[in-house]
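I'd like to ask you about the structure that follows.
The letters A, B, C, D and E name the chains in turn, as written, and every chain counts its residues from 1.
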Amino acid sequence: MVPITTLHYLVVAAALFVLGVIGVLTRRNVVIVLMSIELILNAVNLNLVAFSRLYGLHGQIFAIFVITDAAAEAAVGLGILIAFFRNKETVNVDEVDLLKW
Amino acid sequence: MQPVATTFFFYFLSAVTVISGIAVITRRNPVHSALALIVALLGQAGLYLMLYAPFVAGVQIILYAGGIMVLFLFVIMLVNIERAQKEEQFNKQWIVGIVAALALGVLFVLVYMKGKGLFPQTVAQLPEGENTQGIAMLLYRDYMFAFEIASLLLLVAIIGAVVMAKKRI
Amino acid sequence: MTERSSHLELEQADKTYLDSNELIINMGPQHPATHGVLRVILKLDGEKVLGTECVIGYLHRGVEKIAENRTYTMFNPYVDRMDYVAAVSNGLGYCEAVEKLLNVEAPSRAKYIRVILTELNRLASHMLWLGTHALDIGAITPLFYTFRDREEILKIFEKYCGARLTTHAFRIGGCQYETYDGFEEDVTKFLKFVTPKIDEYEQLLTTNRIWVERTRGVGVISAADCKALGVTGPVLRASGVKWDLRKAQPYAAYSDFDFEIPTGQSGDTYDRYLVRMQEMRQSLRIIEQAVGKIPDGPIMAKVPKVMKPPVGEVYHSIEAPKGELGYFIVSDGSTQPYRVRVRPPSFVNLQALDQMVRGQLVADVIAVIGTLDIVLGEVDR
Amino acid sequence: MLDYITSYLKSDTTPGQAGNFFWAFVYILLIFLGLSVAVIAMNWLERKILAHMQVRLGPMRVGPHGLLQPIADALKLLIKEDIMPAEADPVVFWIAPLIVVITAFTVFIVVPFGPTHAVTDMNIGVLFMLGVSSLSVLGIVTAGWASNSHYPLIGALRSSAQMVSYEIAMGLAVISAVLMTSLNTDGTGTLSMIGIVQAQQAQQTWFIFKFFPLGLIAFFVFAVAMVAETNRAPFDLPEAESELTAGFHTEYSGFRWSLFFLAEYSAMIAVSSIAVTLWLGGWMRPFPHWLTGETWDLVFSLFPGVTFVLLALITFYSTIRMPKHPYFRVQTIGLAGFGAVLGLIGLLLFVPPVRDRIQDIYWFAVKVAGFMYLYIWYRGTFPRYRFDQLMKVGWKVLLPIGLGVLIVTGILGVVLS
Amino acid sequence: MPEETKAPTPPPSGPPKAAAPHAPAAPAKPAGPTPEPWSSGLVTTLKRQYGSGIREASTYLGQNYMVVDSSLIPELLQVLRDQEQFDYCVDITAVHYPQREKQFDLIWILYSFARNQRIRVKIMIADGEVVPSSVSIWPTANWLEREVYDMFGIRFEGHPDLKRILLPEGWKGHPLRKDYGIIQQDNEWVQINLGIESGQ
């Protein structure tokens, strides 16, 4: 078996990233779109941590910041979702077609 | 500590992560998606452990799986999903989306293949035992300012979420 | 039972949408906190109660209809089945009402026995209330204490008349049974036994911070609202009205005894708790006096074997543990009552539930149901 | 192979660190077994202690003094019909109890029963424990949601809100204890569970007495938060019987329900272990620096044996007091047998090699058992908080106190070192 | 209660207008109390105000009651509460006399905390006659009136939510009417809702 190198992790991260992008681009449900964004962020994290093995701990620090960011994003995103749902009674992203309601 | 069966664990965890990732974007029921995402996150935490980043793994579990995902589940339960489940799950440009995303993936792989030689051949010496201390030093010394900004960001997010989720603005 | 629709529309219950934010919850009839088969439909905004509707009648046995088809004597045991935790009080009210209709008066020894047993029953009822109320709020220990101590009262009942719960202790015109040998000693011994126990209950709860936080300011009802809603008993007294039928319109031998009417000020659950605890102590006082000066003499007045009260109607009420328990009896001169109307305190008090819990939280509904001290047998009759 | 097994015995680290899979596996099995026995014993003890607090006897029928009651209960739960509501989400309904129980057991990987008696020692031990135990909230939320019924849903929402809020206070208290570990010459603290106990050993004090009363306050915050975390009285709102019938597990029955039960008790033991490790000196015996010397070492090492012999004596006394009726003969013999087993264990614990190896585990278990008794005591004494009051306690009392303690600890740590 | 009145003579009259089905039973009694006219300031005031609307005001066994015309109802009760301090409505109930033309006695039992006095206000109504509700005077009348409706079928006008209370919705018949047998049940309801042949 080939030894596991950084490249292997990068490929997994790329796969996750692609999955996240597919989710964002194709799904209608806002909740799942938000979750796909989490997937993308995680793919980035995996990259950062994988690189941190090569270049020192800074990557991990960045990963922590990304997680913080993800928390903030999830909170605000879900807040928007709730406000949106209350007004339109739908969670479909393609029905968010008004600038103001 | 000498890692054991690294190869097996890597493939196992990657498989878990990627398969759960697929489940996230294909499940009809958002709760199932969320559960799949949790599995993906835990698998990723395992990958972090393999990368000698136990602190990030811990943060991943405690914040992502224990915090953010609970928030997701909470919201899914608040919004009525039964009707959303019966509707069309994918939007009209799904073919375009998948093609674009796959193209992006191919691009990534190509770049990695080309740029493989650019990576340093030596692995940085990061003993697991001092990982947390090292991160603490960096976080509170070199990245002190960023750390404070992150806390500010969280504060803004809290206020924003509260304002938006309030019944009457 | 799906037949009982309500203005709260249970069909809405499926909607847990955020926009309406209203949740309709069906509490009971099978629910540990409703003390029987009470069904409360709660309209909630999150955890806040917007409105309630009580659905009662699951235990309706047509007691009033039965009364019209039984003789006065035959109906006597039935009243015990209404408020089954205070059966003696029910019997006292009924017997006194019929005595009034017959225009006879029980001998004074009988009256003393009645007072002793009724007050013991009040203690038993309050103990049961305390145990279940505390259990509802989450303190499980008082339940076992009170049930154990209540057992002593039931033992006295059992020794006196052979029954523990639905005692049928009194007869129209007095009491059937003379007190058994050692009755006074038993009661005195019980008094000695139970006084420190009441202190013990209070020690567990009165200054318990969680208990105080859970009960103070919960289910507040003002004296004016109490009167308007016809709420009586400890609930009324906790709102600051010093009114007790034992003092206001003394019946049996209550005018012979020296006791106080405990009152509260704020009319919240905590005050009701304190009032009931004080009432238990006052009951002890009454029993002590009654046992001390119980007169000798007959225990049965001269009443005919076949009772035919003259045509007329009478309303007689007593202070049951839960409030004013009234009997409105119409006689047509025959052996059977023409109409018996029971004015149950629980039924009327339960009506105040809606007002008391509006704007409070779900957990308070349980506390308020507990503090109202309802017995569904009496509500539904 | 035999070398591989025996090689670990000479090392002085945990099997996980030594990379010895065999012993790690043995430890996991032992912990699993011990935990199951502890949960069963806890079940019996809770009912007995609670009963005696409430002037009653508790289980008496199944086996002598109801000793076999938990086993009978477990048997009953296992053979009960497994009911799933028609409208429930089958997959999630099935997974939820597993999540709860797996997280509750996983936590024990890093619990240090002794300097070497842990499956492994992680660099992020405390973080791992908090993180994994916070995962159990997922199980609760999904259980409530999957039941597709109102009471479980409300119970689950309450539960998750409660657990998420109290986790913060808990975390702050933990951090202040972790800060205390850094009060050594090179100023580096540790998150490792074993490291924390070793820090207490080095500083010659339990952290509960460190910077008196700071450690005590932090411990208090943790002790309150941990009761709330485990959904026990007086914070047992999610399963408030009188309000929500049984909260998130209303619709569960039989085996699945018993999984929740198992998880609840092992979670209680887990958080108690954290408290013991962080504040009460973990596996250290009382007064390790005051009562020193060989004699004292010997005296304290006799404690485990003495405890078991005492238990055996109590059992024998109860055996004598058993009713002398033919009906009770089997029970009497059984009780005597149980006493004999306890006595034998006690005697075994007097053997020097066993005595030395078992001591740490014994002291750790005794401290945890003290917490278990507290749990039962709370349940017997306190009414239940209301939800808003619960949130108030969490956010307005414990959180500020925790923050304050953290800040003051930090300042004191800087000033004093 | 005030002292009980004892009349030496035994006139066989029951409560006036109460044409009881077994009226001749009374002469067998050797002695019995009789209703006496009730004279008090309250009655005088009310009589002055309403004249013959107050048909009768009597004391029987020390208990005061008055029979009034049903047209006076919401107004008289309001007056009793506001001016005469009868602030506590103890009970509302009814009695069914099938032989009479006006089949129902409807009775309000009132109590005044200030006076420590209890009175009964009685009206007579025919079957099907609608009585104004007193919920606006005493909120407690809500359930009491519902019960009267449930048991006797007397309708109250202006009641916020007049429906059955003890018996299930959809039940046929009003059990406390004299023509409703003691073992009678709404078998149809029982069959539909309980799935059993009969409740007996």
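The definition used in the following text is that a contact is a pair of C-beta atoms (placed from the backbone, for glycine too) under 8 Å apart; a residue touches a chain by one contact, two chains touch by 3 or more.
Here the structure is a predicted model, which is why all the values come from computation and not from measurement.
Between subunit A and subunit D, the least number of touching-chain steps is 2.
Comparing chain pairs B-D and C-E, the larger number of C-beta contacts belongs to C-E.
The chain with its CA mean position farthest from that of subunit A is E.
Using the mean of the Cα atoms as each chain's centre, the chain most removed from subunit D is E.
Chain centres here are Cα means. That of subunit C falls 24 Å from that of subunit E.
Per-chain CA centroids place subunit B at a distance of 75 Å from subunit E.
Inter-chain centre distance (subunit C to subunit D, centres taken as mean C-alpha positions): 45 Å. Averaged C-alpha coordinates give centres for subunit A and subunit C that are 62 Å from one another.
Listed for subunit B are residues 55, 59, 67, 76, 78-79, 131, 167, each touching two or more other chains.
The set of subunit D residues touching two or more other chains comprises 153. Each of the following residues of subunit C touches two or more other chains: 16-18.
Listed in rising order, the residues of subunit D touching subunit C in the complex are 50, 53-56, 150-151, 153-154, 233-234, 236-237, 240-243, 245, 379-389. Per the touch definition, subunit E reaches subunit C in the complex via residues 1, 4, 6, 13-15, 18, 20-23, 25-26, 28-29, 32-33, 35, 60-61, 63, 65, 87-91, 93, 95-96, 107, 109, 113, 116, 118, 120, 138-140, 142-144, 147, 151, 161, 164-170, 175-176, 178, 180, 182, 189, 193.
By the touch criterion given at the top, residues 1-5, 7, 56-57, 60, 62, 64-66, 68-69, 100-101, 103, 227-231, 241, 243, 248-249, 251, 308, 310-315, 317, 324, 326, 328, 330, 332-334, 338-339, 341, 343, 347-348, 351, 380-381 of subunit C touch subunit E in their complex. The touching residues of subunit B, counted against subunit A in their complex, run 6-7, 10, 14, 17-18, 21-22, 24-25, 27, 30, 33-34, 37, 40-41, 44, 47-48, 50-53, 55-56, 59-60, 63-64, 67-68, 71-72, 75-76, 78-79, 81, 84, 87-94, 96-98, 100-102, 104-105, 108-109, 112, 116, 119-120, 123-124, 126, 131, 134-135, 138-139, 142-143, 146, 150, 153-154, 156-158, 160-165, 167, 169. Across the complex, subunit D is touched by residues 1-2, 4, 29, 31-32, 35, 38, 54-55, 57-59, 61-62, 65-67, 69-70, 73-74, 76-77, 128-133 of subunit B.
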